[in-house]
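The following block contains the structure, expressed as structure tokens.
Labels A, B and C are assigned to the chains in the order they are written; within every chain, residues are numbered from 1.
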Amino acid sequence: MIDEGKGRLFSLIYRSYMAVFLLYLVAPLLAAGVFAFNDSLFPALPWQGFTLDWFFNDTEPKLGMFHDERLLRGLENSLYIGIIVSAASVAVGTWNAFLFERSDFPFKRLLYLVMVVPLVIPGVIIGISILLFASMIANGAYAVFGSSPAWLRPGIPLIVLGQCSFLITITSLIVAARLQKFDVALEEAALNLGASRYRALFTVTLPFLFPAMFSAFVVAFLVSFENFNTTLMLVGSDAPLSITMYDRIAKVGSTPVLNAVSVFLMVTSGVLALLSVLVQGKRS
Amino acid sequence: MRSDSGKLALILFMAPFILWIVLLIVLPQLGIGYVSLREKLGPRQYTFGLGNYIDFLMEPIYWNTLLRTAWMSILVTALALLVGFPVAYYIARIAGQRSRSALLLFCLIPLWVSDLVRAFGWIVLLRESGLISGALQWMGLVSGPVEMLYNDATVVIGLVYTVVLFMIVPLYSTLDGMDEVLLEAGYNLGGSSFTVFRRIIVPYAMPGVVAGCIITFMLTAGSYLTPILLGGKSSSWFTEQIYNQFITRYNWEAGATFGVILLGFTSLAIWLGLRLTGQSLATTVARS
Amino acid sequence: MDDLRCVGVTKSFGSFTAVKEVSFGIPGGSFFSILGPSGCGKTTLMRMIAGFEKPDRGDIRIKDQSVLKRPPNRRNVKMVFQQLALFPMMSVGENIAYGLRCRGKPKEQIRGKVTSILDRIGLPGVEDKKISQLSGGQKQRIAIARCMVLDPDVLLLDEPLGALDLKLREHMKIELKQLQHQFRTTFLYITHDQSEALVMSDAVAVMNGGRFEQIGPPKELYDNPVSSFVAGFVGDSNRWTGKLELVADGVARVALGGGDTVLATIAARDSIGAADVEVFVRPEAIRIGPGGDGATLSGTVDSLLFNGANSRILVRTALGQLVEVADQVGVRAVSEGDAVQISWPRDRALCFPMRAT
């Protein structure tokens, strides 16, 4: 297609470009990760030997990640938030998928657009909007009842609400895409064989949707786990790992324990993502 | 027409969707609009007006920050397009079947990893006690540690890194659908590589280009971590202003105003992008 | 007693009437087919019997009880869908057991029934296989087994052989007939393929434009069609159009263009009022050579088509029409280009008023 002589030089340049690009992609991750294993008090050269202390050691000054109280608490909070947010988002997302695929109602096209809107709102804005709205309700409740519920102040409940607001869009789209491919004849066959509507739903349709629901769960969990912009605005005293780590980075003189956390995050994200790809592949 | 019980069933069916949209999206967004119009006269005394917006226009720092964010976002988007297009093209049209999925997976790795880890990685690479500085010293090219963070170029590089994948994915899916036959016809009719590129490939890839640009622009303008961590004190990114007003200064009215401005700004950019190429929101965003 | 009876069933979608006043009864234990082209309304009719659509008017009775008020999951008519609709996420055994589990049968009983029905359809031991591991013919039988294990009053089959290749289709036709005999369940089979309907059925209803044009045993539809649609749709036929000249004693004299006239028996149910008529003659009724009391036409041999027992001689008449003549004996006394005469007896030629299209 491209003529020969010019072609080979061009092809060589192109390939080197791709190699440099891939290196560019990987460089920061390698940099962050490699120092997690360096037996030195600073995440910097020189290299002083291989060690796993930054993960597992339990004495100062080389406090490993799994013994650092604050980091562990951050991890716990992230997991807790992640699971709640993912479960809620997948549930509502699946409900929405059925709503849009199976029923007709006025303004359906418009409402579909509205459903997609949360994805184009910057995370920071979503954060402040939920913060403001919650505090307006809290003030109103205070004025009427003389007290306001704690969950309206910055903290885990607000973080959950803030993350759900745009994750529901993502899960709805993922599940709806799969639901579209479902052959309604399968449900009719189930009915014909004697199943009630609910039974048909649970034994035929939902198992079909399962790969998409699982994948949506994993995506929601990953996004929630690493979310920063929205969470930053809504965080109270219980901080998830992303906020905790940010506080540490901003302080100078952090130990390589943060590199260890990075490696941990990279490995878990990788494993989860791989899992979701595998599940999709096996079932479809 | 629907029966009454049918109507009730429909309302119940729509309930979670409506609750979510209204309580978590619509009302809060209206809320920040409302608060942005509230002017503080004194403790617990408010009046309504555009005072906050006028304050914004009057204060050069705020204005400049917005403009800076804007042009740097455009720069980042353009760079991401330049860097990402050849990559997307390579994966879509030149790589073989097996290497294609491997390459895509490889490219998606930085996406799985959090924003924080990525920014942290750049810090480790580029700070004065970091890898690149060390390497340069070791090679004898510089005499002392070199601080490469805390300037605009670094911020741009870091931002491009974060968003280039959101450019590659839509480009890849568009280019993937292009039939080789179109290119062959172009050459057959006498076109050179350049004209084929300009007249066939580029117009075909346009929807992907627009989708990619919209997404990357939005992400760049709304990003917080990368400009702050890589740019240091002189970073002045608009999202940082919002954070300051809310958390540091507790001036929620000003914060809300800035939020509305940022929202309006990104929405305007998206709308312009969609208009210029006749796409619709549902098709472009939903695709990724 | 009829297992299934429809009385005056009618269904419209907006301004389009898909099913018009359809009435028929199927005696217990028989194989009944509804034959018609796409869009004739047969699928709509079947969906109404299964309960997925509601008729606007009329009644549907199963074993002499109206089932109109019953939802689809409470009618004892089981359906084999066009794409079979086997549940891909379940094994063969789970598919077959599905209906029994819905009925709340105990596990032991279910397992026993699944094993015995797999034996009956000739596929023992496949309970644990995945649906994707089965061949087309095997999937057919599993789909039927899934329904039969529930002892339905009527089994509905919606063009189930469409996706199979020719040889397998021929084989399945015989198998289906045998299965029906074996289970002695009433089968209601809908198709657009007339050879399927003729081969398998005890009775066939020909459906066109929402109405049944004729109901009867296959041989009767073949020999004595009552409308031009049935005459043209069932079996092969040569068709001439012409003008009615004279009618006497049930015989019509029809003028084809170009001076030829033919004599044909009037077969239409209603009397022929119009002047434009159609004449149908089957290829096997036509002979090479003069002599029939129905007609004698001249022409040249256009081509010889060999197809075993279905071989044909194509003759082009003076008017330019291509006539198929059955060459059952297989001895070809003619060759391409020969000038010949073709003839047939008048009682094998059927005359109908021209169909309004």
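For this structure, a couple of remarks:
Here is the rule we use: a contact is a pair of C-beta atoms (placed from the backbone, for glycine too) under 8 Å apart; a residue touches a chain by one contact, two chains touch by 3 or more.
Here the structure is a predicted model, which means the values were calculated and not measured.
Top contact pair of chains, counted by C-beta pairs, is A-B. When you average the Cα atoms of each chain and compare centres, the chain farthest from chain A turns out to be C. Averaged Cα coordinates give chain B a centre that lies 62 Å from the centre of chain C. Averaged C-alpha coordinates put the centre of chain A at 17 Å from the centre of chain B.
The centroid of the Cα atoms in chain A and the matching centroid in chain C are 57 Å apart. Within chain C, not a single residue touches two or more of the remaining chains.
Within the complex formed with chain A, the residues of chain C that make contact are 50-52, 71-74, 77-79, 81-83, 85, 87-89, 98-99, 102-103, 146-147, 150. Across the complex, chain A meets chain B through its residues 1-2, 14, 17-18, 21-22, 24-33, 35, 42-45, 92, 95-96, 98-99, 103, 105, 111-126, 128-133, 136, 161, 164-165, 168, 173, 222, 225-226, 228-229, 232-233, 242, 245-246, 249-250, 258-259, 262, 265-266, 269-270, 272-273.
Chain contact summary for the complex, chain B toward chain A: residues 10, 13-14, 16-17, 20-21, 24-25, 27-29, 31-32, 35, 83, 86-87, 90, 94, 106-110, 112-125, 129-131, 134, 161, 183-184, 187, 193, 218, 221-225, 229, 239, 242-243, 246-247, 252, 255-256, 259, 262-263, 266-267, 270, 281-282, 285-286.
Of all residues in chain A, those touching chain C in their complex are 183, 185-186, 188-197, 199-200, 203-204, 207-208, 283.
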